[in-house]
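The following blocks contain the structures, represented as structure tokens.
One chain, chain A, links the two complexes that follow: it is found with chain B in the first and with chain C in the second.
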Partner chain A sequence: MTSAKAEARPTTAPPERPRKRSRRRQELVAALPWIGPTLALILTIVLFPAAYMVWTSVRDVSSFGVDRGPAGLDNYQRLLEFDAFPRVLLNTVVWVVGVVAITVLISLALAQLLNKAFPGRRLVRLAVIVPWASSVVMTSVVFYYGLDPFYGIFNQMLVDIGLLEAPYGFTKNAVPAFLVSMAIAVFVSLPFTTYTLLAGLQAIPEETFEAAQVDGAGAGRTYLEITLPSLRPALAVATIINIINVFNSLPILRTITGSIPGYDADTTTTLIFKFIQADRQVDTASAMSVVNFVLVLVIILGYLRIVRPMRED
Partner chain B sequence: MKSTRRAIRASAVVLGLGVAVSACGFGGTGGGSESGGDSTIDLLVPTYSGGTKDLWEEIIADFEAENSDIQVNLEVQSWDNINDVVRTKVQANDAPDILNIDAFASFAADDLLYPAQDVLSEETLADFQESFVENASVDGEQMGLPLIASARTLFANTELMQQAGVTEMPATWDELLAASKKISALGGGVHGYGMPLGNEEAQAETSIWVFGNGGDWGDESEITVDTPENVEAVEFMKRMIDEGATQPDPGATDRTPLINVFVQGKIGFIEALPPTVDQIEKENPDLAYELTPIPTKDGSSVTLGVADHLMAFKNEGDKQDAIRTFLDYFYSTDVYTNFVQTENFLPVTQSAAEQMDNADMEVFLEALPDAKFYPSTNPAWPAAQGAMQTQIGQIGQGKPAAEVMAEIQARAEAG
Partner chain C sequence: MAATKRTRTPRWVLSLAGLVVALVFLAPYLVMIVGSFKTRAEILGVPPTYLPTEWHPENYLSMWSTPETPLPYNMVSTIVISVCATLLVLTVAMPAAYYTARTRFPGRLVFLLLVLVTQMLQPTVLAAGLFREFLAIGINDTWLAMILVNAAFNLSFAVWIMHSFFAGVPKEIDEAATLDGASRLQTLRQVTLPLVWPGIVTAVIFTFVAAWNEFAASLVVLTTAENQPLSVALTKFVGQYSTSWQYVFGVSIVGIIPVVVLFALIERRLVAGLTAGGVK
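Let's look at the complex of A and B:
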């Protein structure tokens, strides 16, 4: 009896905690019908496929998708032994950093321009959306055909105005094709970035600028010390979403550099598809996908650590 | 602000995860035939031409009119996609009942297919041409059903030849090299020999050269890419490129666009296919060209034969009889001859070969007895082919032939 009483005691002694906990649980249960669908969606659409991907990466899968048993870390081993891997990693870094940095810089200028009142501003704002509204594959194909050495109009134009002696295979050689792809990636990333930054600009209260003016700050100083810091949250969103988008971007590189032999113009994302389509190695491709996922996480966490875009001063 | 930060981090993770996953090619959950019943067969085919879909729909409509108890669901995919679609479907246990694709050996190796004798009547089986049955068999058992055959031959622009002062059709490699250089020298966007080594079909162009040197890619048990004859052939290809006999950047030029350039009259020679005759007829009937046998090292006759196949998957439910009824109908002489002729290919059945009568196809039909095939019964061939598609073009970027061939050999063995 006494021992039972002693045991029962602690649960009743501090009455605050359990009540709080049970209330929390009650609240959670009450909230379930509302968050349930979202949870289910995340479980089935995000977590399950991700887990399946990790699972596939440690299996030996035949070229037509039949699971032939566990493979340990063989698939990862194969990646490490892959000769072109360093070049592909380097390409990926150049691709992500280059495209995102140039996009953000151009967007900052564009957003500034679109924030000024001038006649025809609405038209210009609409024009900036166009690359966003058209399909990325379509945009890429237009550039691809335009740059074709046999019937591309860009090539024709460059020859006609005397810049080139003969049509050049911009899309047929790894480095120029990669640069062309980067330019297209910047082109299609601009609208979203510009509009995110424009929204950020419009959220800065007019009084801060007035105050700066009163204090005698020049245009450059105002931009560096008021505009940029106030834009930080918008910049953070734009940069992170762009990093993810650009990192995982496939259609541009597939269209522009897809027919180039070797791996000189591949990023880790296009490499995944080469593993699947050319080498028929679904398992290696899964391992590459896992690595890809870790990479993008590292890049984003690195960005958050180094740039600290959410820092509050 | 803190919660915003957390929200951004979380959404970044979720987004990254979502996109990373969508990149790993997981798809197709369940599904299958909705109408149910054993008399529904799913048919998955690639497009050979703009008219492929209509052609199949016509055949299916006629078939269903005769066999009201069997329904055929048609799915048409482009050649770019069909391999991925099939892989996804097989992985999701949702394989089509009948599939039209090039290689069947991997499916056979995974024990997914009915042997030919289980899904065809004896008459139909006996009607296939001998060489194609051999090419469709694994360990002596016929697993694939040859559907269409194709062969290559050299298309020559006679007007450009005349302008460049080339009087005779090249029959050997050296003659081809000399003639191509003369035509390239004309300038003005004209090139001597069109060599498509882009990933669309680099393996076909490479095979033509390798076979023309007496080489081959091995058999059903062994893939031999890196052999002295093969390397010698690829070295000559590299010589063609390095000496300016080909169009620029052959390594990144795909076949279809390059054939278009030939049709426009800007290329002297190109190895092309029966449907190219039809394409020229439609798009540039004024082109002055001739078909001639493929030049080889010593002038002996050879061509790359390609046969695409139908195959029947063992799926749940007993659909064998329905499949047999449909396939026997499809291979009946009139239906099949119409199919082959409309698509501009060469027939694989004896009865259709007798019924066909087409002067344009003569050069191709004559080369067919000397045709060599890809070792498509070797389950490692698709990997070898894929490696060839993505690697061989590097000979045009200064990489030595032997090195590229050794790399492809290694990939074929790893697959």
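Let's look at the complex of A and C:
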């Protein structure tokens, strides 16, 4: 693909053309041993399955994986006619917007704290890393256990400090279980977000703050008018990566709400896996995956358009 | 920065706030540690106890033969898949990162863009396609399939971070070595590599931790219990009538501690590394 493109590019001086073309080809051949393996892995394990999935989404595939011919847009139609689809879409929007917004707000405060010098700061920073490195499945599992209405230790804690009258079955019904899952999603997204904003804070030159102080700006005004605008690139990176991660998150909902029947606590991502595994409908799952990918692109573009994180002042 | 650091908030208040933050972030893992030492009767007891009445360290030996899932196999799967995927990423990404940082060639930008685009894709989005592909070529439900998946999806990050490190080494150092009669590979091994070591370590640890914790693709691709990694195996305990939580937590602790230690080693470079792709 790249070689064809390179050769097709017009060259300015016609007499030189054959020599130039062969030189370009030589350079490309020389590059292949170095970049070839990476290229091969990306083509076979990322781009090919992506194309294969789009293809599968317009095919009729049996539950044993046999391709029974073209299906047109039947798989997409089946999605639209799927009773729970509106609910799942709504859940997805609440999930992504809620988790990312709350994560960013808490992380702004945490980054501010971790940027100040105090005894024990290094240990606090290390503690904040732990949920990032840990398997999200394992973190979700311990929350599932802790929120059990009978033997759950977090439930007991909430009762002991007087926040609850009696233990509550957080993980037994769709809506509370979905909210608990959102809280866990925030919890595991905080470390990366906080670290990104912290890096952003450290990149703000000292003189900016000194100038603000000379002008007699208070702490609140300094934060709103200097810190926050300077953080814009870091906020953009953190938000976009979070949107992608939160949108594609499977283990939390799978662990916390997986044993609840129905689709009231599903997002489009968990629905894909129900189609693949429980219903063995790879064709419908492929159609859902394509819709999913378009959705995340739309959300990111919407964010870029509404918030304009990259605009210059 | 000094201006904001000279704040009216006393340092002990900050330390106290820091302590609360640390406790909140560690709470679930403390629950795991404490729970892993309880007996089955106690961990399922109502009401629950905060600390074990008796500590049972032997849980860490008996947990491997729990009936829910073949845990020793799951542990081996996790190790084999993450180690092989990391080695594969290293051998594949390093030459690409080095060459793209050092040499202009036709298609270089196209290649780098392609790498960047894959960073936007995750195995979760492509699970259906990967599943179909592996069925078609007959490597579904094998370690090889998951080694390839973990390598491919962490490749872009590894290439970008190493690329930026290689690009930071002055070309003159290379040229001096070449003038001294060193071959390109010798130069790479003896001169450049020591300088870009931090970038390589970051890429290696990041890939390893991501592969160690991978869940979505493994869930679909690996169907045999013996082939599954810990992340998939542990979900089988959830929703059971009476779960051996003490074993779940023992295994989780064993699965979490090594990767937390690795992550802590590259703490300072975590963000610089992660955002390298976006900033470039």
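Convention: the second predicted complex is superposed on the first by the 258 of 313 C-alpha atoms of A that agree within 3 Å, B and C clash if a C-alpha of one lies under 4 Å from a C-alpha of the other, contacts with A are read in each partner's own complex, and residues count from 1 in each chain.
Here is the rule we use: a residue touches a chain if its C-beta (ideal position, glycine included) is under 8 Å from a C-beta of that chain, and two chains touch if they have at least 3 such contacts.
Note that the structure is predicted; figures quoted are calculated from it, not measured.
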Fit or clash - chain C, chain B, common chain A: clash
First (chain B), second (chain C), both or neither touched by A:Val46: both
Contacts of A:Tyr76 with chain B and chain C, given as first, second, both or neither: neither
First (chain B), second (chain C), both or neither touched by A:Ser62: first
Partner with the higher number of touched chain A residues, chain C or chain B: C
Chain B versus chain C as contact partner of A:Thr269, first or second or both or neither: both
Contacts of A:Ser286 with chain B and chain C, given as first, second, both or neither: both
Contacts of A:Ala278 with chain B and chain C, given as first, second, both or neither: first
Touching partner for A:Phe85 - first (chain B), second (chain C), both, neither: neither
Touching partner for A:Thr222 - first (chain B), second (chain C), both, neither: second
Chain B clash site on chain C (candidates 132-140, 150-158, 168-176 or 204-212): 132-140
Chain B and chain C footprints on chain A, overlapping residues: 42, 45-47, 49-50, 52-53, 56, 65, 150-151, 237, 240-241, 244-245, 248, 250, 258-259, 269, 272-273, 276-277, 282, 285-286, 289, 292-293, 296
Interfacial residue positions of chain B with respect to chain A in the complex: 1, 4-5, 8-9, 12-21, 23-26, 83-84, 86-88, 90-91, 106-107, 109-110, 112, 189, 197-200, 202, 248-249, 251-254, 257, 261, 266, 379, 382-383, 386-387, 389-394, 396-397, 399, 411, 414-415
Residue ranges of chain A in contact with chain C within the complex: 2-3, 5-6, 9, 24, 27-28, 30-31, 33-35, 37-39, 41-42, 44-53, 56, 61, 65, 110, 113-121, 123-139, 141-146, 150-154, 156, 190-192, 195-196, 198-199, 202, 204, 206, 209-210, 212-213, 219, 222, 227, 234, 237, 240-241, 244-245, 248-251, 254-255, 258-259, 269, 272-273, 276-277, 282, 285-286, 289, 292-293, 296
Of chain C, residues touching chain A in the complex: 1-5, 7, 9, 11, 14-15, 17-19, 21-22, 25-26, 28-29, 31-32, 35, 43-48, 50, 88, 91-93, 95-96, 98-100, 103, 105-108, 110-111, 114-115, 118, 120-122, 124-133, 135, 148-149, 151-153, 155-156, 159, 209, 212-213, 215-216, 219-220, 230-232, 234-235, 237-239, 243, 245, 248-249, 252, 255-256, 259-260, 262-264, 267, 270-272, 274-275, 278-279
Chain A residues within the chain B interface of the complex: 42, 45-47, 49-50, 52-53, 56, 62-66, 78, 148-151, 166-167, 169, 171-174, 177, 233, 236-237, 240-241, 244-245, 248, 250, 258-263, 269, 272-274, 276-282, 285-286, 289, 292-293, 296-297, 300, 304, 310, 312
